[in-house]
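Structure record follows, encoded as structure tokens.
Chains here go by letter, A, B and C, matching the order in which they are written, and residues are numbered from 1 within each.
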Amino acid sequence: MTTIELDRPAPRAAISWTFVVGMTLVGIHAAIALLTLVWTPYDPSSTAGGRLEAPSLLHWAGTDRLGRDLFTQIMIGSRIALQVGIGAVGIGAAIGVTIGVLAAFATRLLDDALAAAFDILIAFPTLLLAMLVVAASDTASLWSAILALGIALSAIVGRLTRILAKRVLQMDFITAARTSGTSWPRIVVIHVLPNIWPTLMVNFALQFGLAAIAEASLSYLGLGAPPPNASWGRLLQEAQGTVYTAPFGAIAPGLALLVLVIGINLFADGLRDVGDPTRRRSR
Amino acid sequence: MSLLLASLVLFALLRLLPGDPANALLGVGADADQIAAARQQVGSDLPLWQQFIRFITSLARFDLGTSFVSQAPVGEEILARLTVTVPLTLLAFALAIILAVPLGIIAAVKSHKWYGGLISVFSQLGIAIPVFWVGILLVTAFAINLRLFPSGGFPRQGWGNPAEALRDLTLPVLTVATVMASSLVRYVRSATQDVLGSDYLRTARALGSSFTEALLRHGVRNGSVPIISILGIELASTFLGAVVVERVFTLPGLGSMLLLGISQRDYPNVQGVLFVSTLLVLFIGFFADLAQRLIDPRLRDRSRGAAS
Amino acid sequence: MSLLAVNNLGIATGGQDLVADLSFAIEPGQRLGLIGESGSGKSLTAMAITGLLPPAIVPRGSVTLDGVEVIGAPERKLNQLRGAASAVVFQEPLTALDPLMKLGNQLAEPLHRRFRREGRDLANIDAEIIALLERVSLPQPQRIANAYPYEVSGGQRQRVAIAMALACRPKLLIADEPTTALDVTTQAEILALLDSLVRDLGMALLFISHDLPVVSTIVDQVLVLRQGRMVETGPVKTVLGAPQHQYTQSLVAAARAFDSALGAS
């Protein structure tokens, strides 16, 4: 825009507050998730508490209908959510980036076909695709949920990668590299990937949040990790059944999920500001 | 063309489902002859490409087959369930637009005021919340504490009892609209920001147009082009995402049919729901495209150029 | 009384001065060129004169346009002033025009306001649109009126933008780098057009540019701006013929060197 010329020095790439807050929120979840590997307040399968107890000093988030400590379950939920997020984004990134880069380099016909397939796949919500993939695996497990979400996310990643890679391939320095005889694989590694990486990283962070929500939804629908994996979605589904007598159970797992997703989104926001030198702060 | 490709993707997804669909017809303990007969009936003994041809030709005749489980025609079942899902989606969509457009514009125009910032914060919260949790919270607040609306269900006679049906849809619609509106607010806000920073708005004001007049005459049209494509995507994904909200409120809609079909391995039902959903998604995309072309002459020109 | 009087104008954002201690005046019919490199605050000054600075950028001092104090004036008062007292032609005609509206309709907007202001019959607007398009030497005015901005050339778009400014019948025309986005031939045509229009209609002109040769062809007075402060001002011939300040000297020298390089090749 030509509106106003402000010839000030560009603000240094300071770490923004969103980055710090996001890191902190995600960090808390990560710390809790690691902690559950060695210690939880109660044995997760112990039904020693009273049934459907309201939150108290003994049971910070109350107990479920079998008398299990909800706070313990929510802590384990952190671990599951992070596992699913990392796993699904990892799988989605591996498949998506590979196919996306291939499409960008492929012949016109193959590229068009892949682009059309991406477009159609992303018209379906991640959750719906994941549902179908879960249904395709014989037994529902944590890994089938991760795989399903990973495959569902790969279409989004693939589409973005293809667009970004094509944009890079049109630039002059690629032509320069080609005329100087650089091989295609080398061009991908030294030119394409480094250039699209910052944008992809931000996208991965956002996908992580999506995956966490989608996993909770899958579990809520009964298609996620089976018990004793205490996914927040399943906790909420169980809490809904007892919401007349014990409404508190429907609050805490949702809050935990909310905090994680907001943390991730803020983190992604911060990452965008730090990682992309061409993005200036808007007025 | 895209429909053909979509059905190919659909077909591939369905074949990914494990187990032989014939098994679903029989249950456990069937002998080999029975299985062979069932296979023939379902067509799963044919080579894949023949199965695909059969799949395509029956779809082209809008013959969606009969359910393995209930033996009812899939098409009729889908039509019945659309009378729940379509009103739910459209009402939520309308409510979301009514909420999100003014809020998004206020958030952009009054971004320096406290309430402008507050709207932005709330829309951030909204996109981080899963639909079903919003549903559960609304049930807790309105169905259990205030006893204003039922916590779920739908009248047996459907729209034969319109007052009851609307009452039952109120909380589901609110649930979907809340989530949809918060993501829409962000798009409306950023489209408005683009308009506010635009040179043409500045020109209009430099020549004596008031801010409101310039925004109405130039901003609405320019801002609506990106919003329309977002609206199309949101509408389609809400329609397809109805499975969750229908589960929360135990509504007999298309989503719950899909969920049931998946758990019962009822192929024709799953396939039919996915096919109708795909059709609707393509349909919505087509209309969003059309609407954008009506507004933006450059898009009209480009497509004309491509056609010739 | 001056048509435009700028007194001790300062423009700041976030505690940082973008323009400071700027004073000048334009009499009716007079032409002033505002010269400076990008970032010198010339466009900001133009925006401050019309009261169109973004909310985060705050002016101080005094700007009197056609007898009205602009700084601190309520929006309603500014709306009456803009168009009637001043009109602006911007640098980039592609973005300065609404991409989704036919050029004729865009031209009708300021015309409509002026006709209402002057109590004229609104039925004559269509004829006036064509007359204005002819006035800015556009061929086939009927076709141009029915076209969208992307369907005509850059030079034609800028002529339409000028016609829109003329439609206001302003006492002061502000041209903010109106030729920068155009190729050299078109530049010359637009300059000639502006020159004749300002003369024929008796408007005052504030011409903003970073381009010395362009400015010197169209104005009688210049003001050189550097980093938000006035460096030198006076008649064109004096300032550009015998620049006093070192900065102006370097600008003039650079322009000469460029010209001779062009002449040599």
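Note that in this section a residue touches a chain if its C-beta (ideal position, glycine included) is under 8 Å from a C-beta of that chain, and two chains touch if they have at least 3 such contacts.
Which protein is which chain? UniProt says A = ABC transporter permease; C = ABC transporter ATP-binding protein.
Treat the numbers as computed from the prediction; the structure is a model and nothing was measured.
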(request) Could you find the chain whose CA centre sits the greatest distance from that of chain B? (result) C
(message) Give me the two chains with the most inter-chain contact pairs.
(response) A-B
(request) Measure off the straight-line distance from the CA centroid of chain A (ABC transporter permease) to the CA centroid of chain B, and report it in whole Å. (result) 22
(message) From the mean C-alpha coordinate of chain A (ABC transporter permease) to that of chain C, what's the distance rounded to whole Å?
(response) 51
(request) Give me the residues of chain C that touch two or more other chains. (result) 56, 90, 92, 95
(message) Could you pull out the residues of chain A (ABC transporter permease) that touch at least 2 other chains?
(response) 1-3, 283
(request) Indicate the residues of chain B shared as contacts by at least two other chains. (result) 199, 202
(message) Please output the residues of chain C touching chain B within their complex, sorted ascending.
(response) 50, 52, 55-56, 75-76, 79-80, 82-84, 86-88, 90, 92, 95-101, 109-110, 113, 148, 150-151, 161, 164-165, 167-168, 174
(request) Flag every residue of chain B that touches chain C in the complex, lowest number first. (result) 112, 198-200, 202-211, 217-218, 221-222, 225, 295-298, 301
(message) With touch defined as at the start, can you tell me which chain A (ABC transporter permease) residues reach chain B in the complex?
(response) 1-3, 113, 116-117, 119-121, 123-125, 127-128, 131-133, 135-138, 209, 213, 216-217, 220-223, 233, 236-237, 239-240, 243-244, 247, 250-251, 254, 257-258, 261-262, 265, 282-283
(message) Touching residues of chain B toward chain A (ABC transporter permease) in the complex: what are they?
(response) 2, 5-6, 9, 13, 16-19, 124-125, 127-133, 136-137, 139-140, 144, 151, 193, 197, 199, 202, 233, 236-237, 240-241, 243-244, 247-248, 258-259, 262-263, 270, 274, 277-278, 281-282, 285
